[in-house]
Amino acid sequence: MAADVELERVSKLYGPFTAVDDVSLAIRKGSFISLLGPSGAGKSTILRMIGGFELPDYGTVRIAGRDVTMLAPYRRDVNTVFQNYALFPHMNAAENVAYGLRQDGVPAAERKKRVREALDMVEMLRFADRRPNQLSGGQQQRIALARALVKRPSVLLLDEPLGALDRKLRQQMQVELKLLQSQLGITFIFVTHDQEEALAMSDSIAVMRHGRVEQLGAPAELYDRPATAFVAGFIGTQNFLPGYRVDDSLLMRAEHDAMFEARRAARGLTRDAHVLGAVRPENVLLAGEEPAVRNRLKARIAATVMLGDTMEFVLALPGGRELLSRMPRRASGSLPEGAEVWAYWEPESFNLFPYEELEARQGKP
Amino acid sequence: MPRWVMAWPALAWWTFFFIIPLFWIILYSFGSRPTAVAAGPVALEVLSFDNYWQALSEIFFRVFQITMRTAGLGTILCALLGFPVAYAIAMHVPQRWRSIFVFLLIVPYWTSFLLRTFAWRIILAPQGTLSDILQSVGILGRPLLILDTNAAVQLGIIYNYLPVMVLPIYVALERIDTSLIKASMDLGAGPLRTFLQVTMPLAAPGLFGGLVLTFILAAGDYVVPTILGGTKGLMVGNLIATQILASQNLPLGSAMAVMLIGLLAGVLIVAGLLLMTAQRLLGLLRGAPL
Amino acid sequence: MTAPPKHRPTNGGRIVLLAWMTAIFVFLYLPILVIVIYSFNGGRNLYVWTEWSTHWYGEAIDNPRALSALLVSIRTALINAAIAVALGVFAGIALARRKGPWTIPYIALIFVILGIPELVSAIGQMIWFDRLGIFDGIIRLSIGHSLFNVAVVALIVRARAEGLGESLEHAAADLGALPWRSFLDITLPLMFPAVLAGLLLSFTFSFDDVIISLFVQRPGTSTFPIYILSAMKAGLKGDVAALAVMMLIVSMVGIAIAAWLMARGSRGKTLGGLLG
């Protein structure tokens, strides 16, 4: 496995604030990796250090085995699609795309040919003469992509490139980017705060928080086996129930002495630890009669939310907590608001994590 | 090569032609008038405070007082006249028209100072139209006689520096999120309370900037008193210019200039300290439980 | 289809405020209007309106001293503007792109230059030029005017560069442009509106200047405003008003274009920074 981009114990400090904290990361050649995290997690800083726009305070950055830590951006074999595209406003689309080739001294004839190819690849040949301000956001995005790819870099850095597009266009561009990446075989490093986007496109995702990589893995792995409560909550939706571990078993004692059973406990979980038990809404099932499983709770349906093909139930638990349950709409039957039900789930879909205060994306207390 | 090398040429230019000359003024202010013409403009063999003592003589002291009064009163009147204007532009003029109004505010300030001041001589002339109107309406029993007095200088100062006052206040007001004001009203505060408790504290830095700027520019003015003040409406600026250009007394003029700068710097420092104290007091008041 | 009438709460305070604002704007523009009107006064006494006439303009143009002063002013303003742009553009870009511990004292110096009473600066320059033995009137005037205007250009260019952000230069570097190429291809062209605005403002400020000129001028190189000032002291006549109006037109055109250029670049934010 040849690592194309390698970060070794890289740190970056802005005064007292540690933007990137001792991060090591090896990115396989030709892979599509996303750096995912809330704003301020350090993902853009990492991208900028690979691009050469920030110099790390500690650690080494290697591209194709070569140490480029202190190298200027114009000496690196990487190209970037910037957050707001950063198209040169005083040049038309074709001139924008040609700019990088001009810097490399590519002869005029070949330059012309490659610019055409690049514009054709992103289906923007018709707009070659347009200035950026005459193009829509999606079109600017394509020009920015062509401008970066025309130089045939070994690594393409994408800094939240879809952030400014509307939902429909974003989903379309996700597919196109993924296709393009597999055709060209270039390493894509993609920064985003949108977990759906990361799940849809990536071979692997590095979830970041407070300047550190919290977990690195394939999308399914992160979704099914999150390493921490933060990752569990950040990727997809999650119900969290606080409680205490019973000895070093997979049992958890929750509020009102309810006992829940899990199949998996996060690594490093101590005996009798304060824990968060997590179950995803789609794994929370509803029944009218008391089910014969251990993980069950009596609840009242506080609200129903129609999400298109799925139905979401907001369940009020005794004590004031809420629990979410989702199921396909046709399976949801007739469960009116206010009805008393039993919520239950399998131990297979229940994970225990060390307790932590989570700000966003968790079942409300 | 240091990263800021691009900023060096300008710095060199300013150092050579701006900073060095300031030191010459200070040096000259300790010199004396040469006894022989051939000896150059200023005798620097013996340095003394004589010029400063002379500057503190009665006439200069009086003119200094008048200058501070004219500039101070002008500044306060500019604030009173100007604040509502800044407020109206920031709060009651639609967004797309605002920059046009700001532009209209700046144009007079940037066009010839001389000319705008000169225009007041036409307006205020005893034989002029305004004078005629005021007499025929019966407000005045005799021709308008305010040219070449302190009153005319005061008017000219207010007129010339009004934009300097309005603009910083406008910039501060424009930055206020109007939802704050709505929120305050929503929470039951009346318009007056909202203005005093929400708008004013947020506009205070702009108002402060306007006050300081207007005062400094007005106190150092030369053109307005020269054109509108005649011999009665003197300000420090004229006095200094007269010493240097007419009386050829460069040392005395320099000493006066140094004193003017010192005084303005003093005003600036006092104003800054006042602002800091006020902010601290305000912070204490806000932090206090009600 | 016509839109239904927009509801807007009519309140007394709003009307009073807008009326006040209008009154102040009238106050600001009235003198300018008056001088323009009176420059067409046919009477011998400027203050007493008699009839419409353009004869003062004829006399103003026929006045060789006024014309030579005008020529001095234009030459001074041009040289001054060239200096201001040459030095100010680089200072402005450095202020926006090469921030460091040097920035705060540097900006403080700029504000001292813009805020110091012009009179003081003028006296210092007069002394220094005499000491240095620079006796060419135009050179003295150009240098004298340029000190303020270098600061003006630096601030305008800085505002524009800050407004644009650094991402375009980063993009150029990312595409392999060496720093000097990026500067020539990207930075300078994008600064163009600010540079032009700075050029026009420098020209106008120099063209309107009285105080510096009064002190640093040499016999034979009076600027146009100085000529007007001395003519005014000798007794106001219509030709002075006519000359003043011509001067007004020059500066208004310059300012209008400059303001338009700056508004395009940074949405009027620079305007505020320039008054001081």
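Going by the order they are written in, the chains are A, B and C; count residues from 1 in each one.
What we mean here is this: a contact is a pair of C-beta atoms (placed from the backbone, for glycine too) under 8 Å apart; a residue touches a chain by one contact, two chains touch by 3 or more.
No experiment lies behind these values; they were computed from the predicted model shown.
Set against the C-alpha centre of chain A, every other chain centre is closer than that of B.
With centres computed from Cα atoms alone, the innermost chain of the structure is C. Summed over C-beta pairs in contact, the chain pair with the top total is B-C. Remark: chain B and chain C have CA centroids separated by 18 Å (rounded to whole angstrom).
We define each chain's centre as the mean of its Cα atoms; on that basis chain A and chain C are separated by 52 Å. The geometric centre of chain A is 57 Å away from that of chain B, both derived from CA atoms.
Note for the complex: chain A touches chain C at residues 51-53, 72-74, 78-80, 82-84, 86-90, 99-100, 103-104, 147-148, 151. Those residues of chain C that touch chain A in the shared complex are 167-168, 170-179, 181, 185-186, 189-190.
Every residue of chain B that touches chain C in the complex is listed here, in rising order: 3-7, 9-11, 13-14, 17-18, 20-22, 24-25, 28, 41, 81-82, 84-85, 87-89, 91-92, 99, 102-116, 118-123, 125, 127-129, 159, 162-164, 167-168, 170-171, 191, 213, 216-217, 219-223, 226-227, 237, 240-241, 244-245, 250, 253-254, 257, 260-261, 264. The touching residues of chain C, when paired with chain B in their complex, are 13-14, 17-18, 20-21, 24-25, 27-32, 34-35, 38, 45-49, 83, 86-88, 90-91, 93-95, 98, 100, 102-103, 106, 109, 113, 115-121, 123-128, 130-131, 143-144, 146-147, 150-151, 154, 201, 204-205, 208, 210-211, 214-215, 225, 228-229, 232, 236, 240-241, 244, 247-248, 251-252, 255-256, 259, 263, 267-268, 271-272, 275-276.
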